[in-house]
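Below is one structure, written out as structure tokens; the observations come after it.
Labels run A, B, C and D following the written order; every chain starts at residue 1.
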Amino acid sequence: MASPRPRTYAEAREVSSSNSELGWWVFMRISGLLLVFLVFGHLWTNNIVIDPATIDYDYVASRLAQPGVRIYDTFLLFFAMLHGVNGLRYSIEDYTKRPGRRFWYKILLYTVSAIIFVLGTMTLWAFTYQEMGDAVRAIGATQ
Amino acid sequence: MKRAHRFDVVVIGAGGAGLMAARYAAQNPNVSVAVITKLYPTRSHTGAAQGGVGAALGNVTEDRAEWHAFDTIKGGDYLTDQDVAELFSHEVIEAVYELEHMGLPFSRTPDGRIAQRKFGGHTREFGKSAVERACYAADRTGHMILQTLYQQSIKDDVAFFNEFYVLDLIIEGGECRGAVAFELATGELHTFHAKSTIIATGGNGRMFKVTSNAHALTGDLMSIAYRRGIPIEDPEFYQFHPTGLYKLGVLLTEGARGEGGILRNADGERFMERYAPSIKDLAPRDMVSRAMYLEIREGRGAGPEKDYIYLDLTHIDAAIIEERLPDITEFARIYLGVDPVTEMVPIQPTAHYAMGGIPTTIDTNVISDGRNTIVGGLYAAGEVACASLHGANRLGTNSLGDLIVFGRRAGIRAAAHAAGAEYGPLPSDNQDASRELLERLRAGPRTERVAHLRRELQDSMQDNASVFRTQELLEKQVGILADIKARMLHIGCEDPGQQYNTELMEAVELGFLYDNAEQLVFAALNRTESRGAHSREDHRERDDTDWLKHTLIYKDGDGVRIDYKPVTMGKYEPKPRIY
Amino acid sequence: MYRGREGQWAFLLHRVSGVAIALFLLLHVLDISLVMFGPDGPFDAFLAFYHNWPFRIGLLMVIAGVVYHALNGLRIILMDFTTWGVRYQRQLWYGVLGLTTAIGVPVLWIVVPQIVGGI
Amino acid sequence: MEPNEAQESIEATEPNELIETVDIVVKIKRFDPDADSRSYWAEYTLTARPSDRVLDVMHHIKWEVDGSLAFRRSCAHGICGSDAMLINGVNRLACKVLVKDLGSKIVIEPIRGLEVKKDLIVDMDSFFESYKAVLPYMINDEAPPAAERLQSPEERARFDETTKCILCAACTTSCPVFWTNGSYIGPAAIVNAHRFIFDSRDKGTAQRLDVMNAGNGLWRCRTAYNCTEACPRDIPVTRAIEEVRRAMLFRGA
């Protein structure tokens, strides 16, 4: 009745390839500390200071047009993504028992997060929203 | 898993003695070593020992090996073989240092040495005053010995067969060629072919109702050797420790009285004043146990059944109790719901230690008769063995010393023997006796229950053959044993399974226990004197002219045969044992 | 169910809240990135989806989760780097719960009408 | 119940409660590899003394009711580590918990996360493999002195608590991370590594830390404290884990 997952520590060592757990553990703590400020700051400005129900394209576009906000959000995006994705990895490793399945879940997680991270970065830096608004309006006008 | 194994050295038992033997056998590069044990090694009862291991290191005050040897001989009521005691008291010093080098975390003196404390019967200058001789690791010395030795065996990569019950020894032409064992996990029999076999299976305290011994201590190999024609030496000398928790037998260390604890009867009287006016509650174990029994028998026992004594610690500072006796405080609180700080603790003498066992030479070779004829390739060490270090009564802390000294000797000797020997041919029917035994027990009619017979055995041994013995009681016990023996033919197993059939094992163990009881009772019946732990009310005096000799009891058909051999004397002439 | 004590529940809540926030984060970045498609793009339509009832309640829980996760994260860091953090881990956890409520209630006071009111 | 039957059912007796008995229901999760494909609950109704150990109750069932019930035990007073079980939702030693502390309903299951072999007997080999992985023995190749290696009482005190471990597995099998991730090395192994890492005589710290630094080593611990609560020897397990982590973080610095 051989179990497909490594049951003993010795077996697990054979299948584990990285020794980076220490680094991630430290990172979770440092990023966690930073996130306290970043996340609460974010919540404060977007949920307390302004009523989120009033949020619309113009509000977001106008905020993203400010370089300060861009830099702030970049930090938030970067740390929250790494912190959160690594945290999700912990869960995958703890709850998926078969090494094969575990591998594919992680690939899926990393792919999705990479795409979203790229999207997020593009949102922050690829355009100025002035230009973008103009361009869109221009397209609309030609139709 | 294959069921035939071949190792140069096979060790049976993984307590202090077995692991020590395995370690030193494994040091010999020319031999392969395996350990067979019915429990996982760290479950062995060596782990229960609290007090310490006696060795004359002299770390606290001056001490000498000679003094230790003398104390051992006197403590053993002169039945100790004096050459063994001399050798022991010197080698135990080395052995303790070796344990320390293996990493044993001894408690320390302020200058960083192994800490030592006083213990009953250990004195300086041949009885002048108490000496700090017990080397200790807090109140878990045995636990640390067991752990340290197991750790070493991991380092040495010793092969273990855990949860394998040895059921038989293969003895052919005066030589041991290995053992047959039952694998608990699968229910299969395995044969271990060996050049040297070391027996280190511990005690047999479970033949009594109230005992400090583990459930696993059923004297298996004492019985197996006996069935294979090897005698048992001095089985009548069985030590009762005075302070076991009422009905449970869980041990409360001698340290409790060392810290000032007092024994009281139902009337609250400090009765030890009557029995040992000078040292009172700190008299030797056998004396205190006897006094407690007398009190109970004369109706001064406490409790609804008037069958226990109180250990009174209430006058001692609460902080001292908590700090120095944490374990026993916990035991009393958990198991009896009694808080030693404010209440008296109900106690009873508890069956503790077998001084006798499989007879060996000073080199741990098992011998098969009174002329010291050696059984080739067979060794024994630890509580199961009797090199006769403890004589008629063991001193506290000398058992752990025994394990490490004689365990080590056994390992070295057995490996040396194996390195120079060939495998003797294995009889083809080596498993037959074991298979028959198991089949009989599996298929038995079950008109008797194992648990009931065991309880009867334990109760009657406690009543008739424990602290006090008389011809009448012992003869009565002979009758009871005969009855139990006959009824044992009717036991059986409800569990038809092969895997982890613990019921079957208990049935086997009952048979072993029975043999141990038989050895004890017949030897005790014959010995018409009182010496050390063997106390005959009808023969109250020690009798050196007729009885300064070791018992050897043999299985003889359906009965027993008793023989004697002389005690090895030395520097010390027998004197009355006065403390 | 294993009858673990405070530590077990602290861990479980931390993990659940962490996963919830992380999943929300992925979604949130996705929705904000829709801004790239301009004012007439799918952004506002997506926001409308946020106004679904189940989603609003989920959002409230995520916010509460963030507060708990952040505070308990600080508790974990204290335990990792100080001996008294371990010794008083239980008290710290009650502190975390208390503070979560203390911060959470006023925040919800402000946020609930906003979220609920914006129908 | 006849009077002498009552006598038989007990080994432990609290003097004040000698006559007192209680009716209890014991539910045991059973599994017989020779007959069953899955485990089932068996229920036993019996009379016990409030001061009986759970182990006594189990013995009563085994000895008087159903001989096939399988469990491990030896010392019967909490020192050998054989009988860790999941009793009323918490890991404990059956010989160290009394009926009166549990009430009239007792639910007993095998400890979690290790393969069940029969009834309450689980596979301990994999547990011991994890223990062995941390090199739990003194590593010091320097020739020892003729007498003992010196160690001050303060140095000795540094690792006192982790020397108490009896390898009962109550901690590891109470850990929520271990339940779902059997390759986590587990608190018991870390406790035993701690015992050597903080021993001034040992020189194997680097090797041991390397082992525990690997993928499923001690960074897996999420400080759930179930291990600390479960330890029958009162070892501050989580604290020991944190100490080893810090040793790892700041080593060689």
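Assume a residue touches a chain if its C-beta (ideal position, glycine included) is under 8 Å from a C-beta of that chain, and two chains touch if they have at least 3 such contacts.
Keep in mind that what you see is a predicted model, and the values were worked out from it rather than measured.
S.K.: Hey, which pair has more contacts between C-betas, A-D or B-D?
M.R.: B-D
S.K.: Name the chain whose C-alpha centroid is farthest from the C-alpha centroid of subunit B.
M.R.: A
S.K.: Find the geometric centre of each of subunit B and subunit C from their Cα atoms only, then give the gap between the two centres in Å, rounded to an integer.
M.R.: Averaging C-alpha atoms per chain gives centres 62 Å apart.
S.K.: Where the CA atoms of subunit A average out and where those of subunit D average out, how many Å apart are those spots?
M.R.: 41
S.K.: How many angstrom between the C-alpha centroids of subunit D and subunit B?
M.R.: Inter-chain centre distance comes to 26 Å.
S.K.: Rounded to the nearest whole Å, what is the centre-to-centre distance of subunit A and subunit B, using the mean of the C-alpha atoms as each centre?
M.R.: From the centre of subunit A to the centre of subunit B is 66 Å.
S.K.: Residues of subunit D that contact two or more other chains, please.
M.R.: Touching at least two other chains: 125, 132, 245.
S.K.: Where in subunit A do residues touch at least two different other chains?
M.R.: If we look for residues of subunit A contacting two or more partner chains, we find none.
S.K.: Out of subunit C, which residues touch more than one other chain, so two or more?
M.R.: 15, 76, 80
S.K.: What chain pairs are in touch here?
M.R.: So, checking each combination of chains, I get A-C, A-D, B-D, C-D as the touching pairs.
S.K.: Could you please specify the touching residues of subunit D with respect to subunit B in the complex?
M.R.: Contacts found on subunit D: 8, 11-19, 32-35, 51, 53, 59, 62-64, 66-68, 70-82, 96, 98, 100, 117-119, 121, 124-125, 128, 132, 135-138, 140, 144, 146-153, 155-156, 159-160, 163-167, 195-196, 199, 201-202.
S.K.: Give every residue of subunit A touching subunit C within the complex, in rising order.
M.R.: So the residues of subunit A in touch with subunit C come to 29, 32-33, 35-36, 39-40, 43, 47-48, 51-58, 60-61, 64, 77, 80-81, 84-85, 87-88, 90-91, 112-113, 116-117, 119-120, 122-123, 126-127, 129, 132-133, 135-136, 140.
S.K.: Mind pulling up the subunit D residues that touch subunit C in the complex?
M.R.: 86, 88-90, 112, 174, 176, 222-226, 228-229, 236, 238-239, 242, 245-246
S.K.: In the complex of these two chains, what residues of subunit D are touching subunit A?
M.R.: 115, 125-126, 129-130, 132-133, 177, 180-186, 189, 211, 213-217, 219-220, 245, 248-249
S.K.: Which subunit C residues qualify as touching subunit A in the complex?
M.R.: Against subunit A, subunit C makes touches at 15, 18-19, 21-23, 25-26, 29-30, 32-33, 35-41, 43-44, 47, 51, 63, 66, 70, 73-74, 76-77, 80, 107, 110-111, 114-115, 117-118.
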